[in-house]
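Next come two complexes, and both contain subunit A; in the first it sits with subunit B, in the second with subunit C.
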Partner chain A sequence: METGKLIQQLGKHKGTSNSSALRSNVGCISVTPEASSAFFTALKEDFAFDHCSLISAVDNQSGFELVYHFSIVGESGQMLEVHVDLPRDTPTIDSITHLWGGADWHEREAYDLMGIYFIGHPDLKRVLLPDGFAGHPLRKDYVYEIHEEEW
Partner chain B sequence: MSRQQVRGNPRMRRGLGSRTSDPTTMMEDPPSGDWLTLRSDQFLKWVDDAVYNIAEQTGIRDVVNRVTRPIFNWALRYSPWPLHFGIMCCALEMGAAGGPDHDSERMGVVYRSSPRQCDILIVNGPVCEKLRPKLKTLYEQMADPKWVIAMGECAIGGGPYWDSYSVVAGADTFIPVDVYIPGCPVRPEALMHGFLTLQKKIREQEPGYFLRR
Partner chain C sequence: MAEMWIHMGPQHPMTHGLWNLRIKVDGETITDAVPELGYLHRSVEKIGERRKYFMNTTLTDRLCYASAMTWTHCYCLTVEELMGVETPQRAKYIRTIVLELQRIASHLMWLGAYLPDLGLITGFLYGMRDREMFLNLLEIPSGGRLLYNYVRIGGVKRDLPPGFAAKAERVMQTLEQRLKEYEDLYDNSKIFRMRTDDVGCYSASDAINWGITGPNLRSAGVAFDLRQADSYDAYPELDFTPVTTSASDGISDCFSRYRQRIDEMYQSMDLIRQALAKMPEGEVMADSVPVRASGEAFRRTEDSRGEALMYLVGDGTDRPYRWKIRSPMFTTVSASPHFLKGYKVADVPAIMGSIDMCIGETDK
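Up next is the complex of A and B:
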């Protein structure tokens, strides 16, 4: 499917906005967290996006932003960027692990370092930092003061 | 049956004497001088002490050490087997030092994959909080005598990550380090020099091994 056509069809879904084509086979779209679950299900089942490349979390002071990258493994090489804005006080979103198994550790990493809670994740615990670590260090308001006294 | 009930059982108390206050610690050290109740480890320690004292007081230990020390020390110096353990980019330099250009094997440096067979632990990278207990376990699993080389800035003092939330500021905060090799990353020549420095250290400091205490 051509990118423009894909973007047009995806833009008809509930809760989507700002759909555009970034490059010849890369599309970009924003979704609200409430509509994300239905949108991702449609992405997997109707549009055959069979690979979740990465999930990255961004801290924009006012709130968090999740950036999903999906792709179709095949000749078309179609890619899609999905932006989801989350409020700062309740950074929660539905997990997509049941759709793409590879999203499991991406979500754990986003939880570990940025403190975003994925509802329905089978095993949401820290993946990089040791258990019992306090806080989420990649947040902008994270303060680490242990070395201050030594120097 | 709880522990309290056992303690309160009069038959138990009468049968085993006053030492059975707790069923889990029924085996106690025998009173001193009680030869018949020595446990096997106590017996071994007694034999060890006796042999050591005799060898020490008659001067035999010194004599044997004087003969065997150069031999053992030479063997020790030229077979320092490091653990094949890489953390970050210095591990590549470690590989380069073992390659044909620098060939650290000519000094007997053979990388082994099991800590039980190793003498040297090369810490070649930043140690993060999650790695620290594992690295400590590796160090403790190595058989004596053992040495530690801190290779590169990260292992010496945290390097560029000294202020990080998850990186330990230096390997010497949790294990004793013998040789520090500065560099970022350490060049293979510098690592070779570190091995030579360790050789010198072994030659100067290691005592004999006969009845070592």
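Up next is the complex of A and C:
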């Protein structure tokens, strides 16, 4: 499917806005967290996006933003970038691990480093940092503790 | 028999790099597995937010010690997309050549690391010996043997010297002969086949859902190669189709993953020859490269291990506001419990070795 046609069809979904084409085979769209679950299900089942490339969490200071990159495994290399804005005090969204198994650790990483909570994730715990680590270091308001040890 | 948990790692001959694999066993059979990461986490993304765009190429080199060139290239491509820099045509060809040389070196290192896992110690020496020839080649333009810092934002550091093509050709002819020897040696080796045939199997549809990419996906018969699908650098001008292998229809096992990488080395040599023949004259660096950037951009490339993707957000300063890296092995390791279950403890090195792990990029 052409990118122009794809984003036009996706733009009809509930809760979507700002659809545009980034490159000839890359589309971009925003969706609200409430509508995200139904939107992602449609993406997988009706639009054949079978591969979840990456979930990036961005700290925008006023709130958080999740950026999903989905792609179709095929010669066209079709990709879609989905932006979801989350409020700063309750950064929660529905998990997509039941749709794409590959999203599992990306969600864990976003929780670990940025403190985003994914509802329905089977095992949401830290992946890179040790258990018991305090805080989420990729947040802009994270304060480094400097340990000065006496030798 | 009572089930129990066994730790394989973080210090274990099976783990290439520091990581821990906890396996639950019933006798000799694996019933569950939990990979644990983080021992090599250096927080590259956070460090990168404090450094200027051009300074980060030294960090990306260190993402993967076996494939430094491809990671720096992915970063430079993303920054160029963000800043709107156009690379000169000759630089695109040079990048293609060094990327393929790096891919061969990385696959040879994998071969050298995988065979001792199966008890074939001489395989290690063969793999390292041949990799050395490619490190010598990469040293000619970059001056480095492990970390190159050769690909830069806007092009490459310096031009290939005269006589490079002839040297590369000699090396590739030697490797072709040796690869044939290795195929005779390993493909027909009963021990090697017993350890790899029908071990660590997964289907193409499962692999796509779990996010497995690169050689590990193509070894299940899926013709998906980002060099073709996402055409960057000189790849659209070269004539090639993705190579695939499979154990049986749409199933990948350890042996097909071994075959896949051997076949990819042949393909890389073909691509290097094509690029060397077609390479135009001209500049190797863009005239001007901005220092500041705003907006956001992402690019993905075919790393030696799969899909590498970088996402950058700029806020108008000379440092990235957010830098996110997708490492192919991070996702592949997350799927490993699926293809470890049901096999024996002795199969763990064969299975985990066959996916070509690199902890440097996995832990970031």
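As a working rule, the second predicted complex is superposed on the first by the 146 of 151 C-alpha atoms of A that agree within 3 Å, B and C clash if a C-alpha of one lies under 4 Å from a C-alpha of the other, contacts with A are read in each partner's own complex, and residues count from 1 in each chain.
Quick note on the criterion: a residue touches a chain if its C-beta (ideal position, glycine included) is under 8 Å from a C-beta of that chain, and two chains touch if they have at least 3 such contacts.
Worth saying up front: this structure is predicted, and the values here are computed from it rather than measured.
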item	value
Partner chain in contact with A:I119 - subunit B first, subunit C second, else both or neither	neither
Subunit B versus subunit C as contact partner of A:G77, first or second or both or neither	second
More subunit A residues in contact [subunit B versus subunit C]	C
First (subunit B), second (subunit C), both or neither touched by A:P137	both
Subunit B versus subunit C as contact partner of A:L129, first or second or both or neither	both
Shared subunit A surface residues [contacts with subunit B and with subunit C]	128-130, 137
Contact footprint of subunit B on subunit A as seen in their complex	128-130, 133, 137, 142, 144, 147, 150
Residues of subunit C touching subunit A in the complex	37-38, 41, 43, 45-46, 206, 208-213, 217, 222-224, 226, 228-231, 296, 298, 300, 307, 309, 311, 313, 321-322, 324, 326, 330-331, 334-335, 363-364
Interface residues, subunit B side, partner subunit A - complex	129-130, 162-163, 165-166, 169
Residues of subunit A touching subunit C in the complex	25, 50-54, 56, 58-59, 67, 69, 73-77, 79, 81, 100-106, 109, 113, 126-130, 137-138
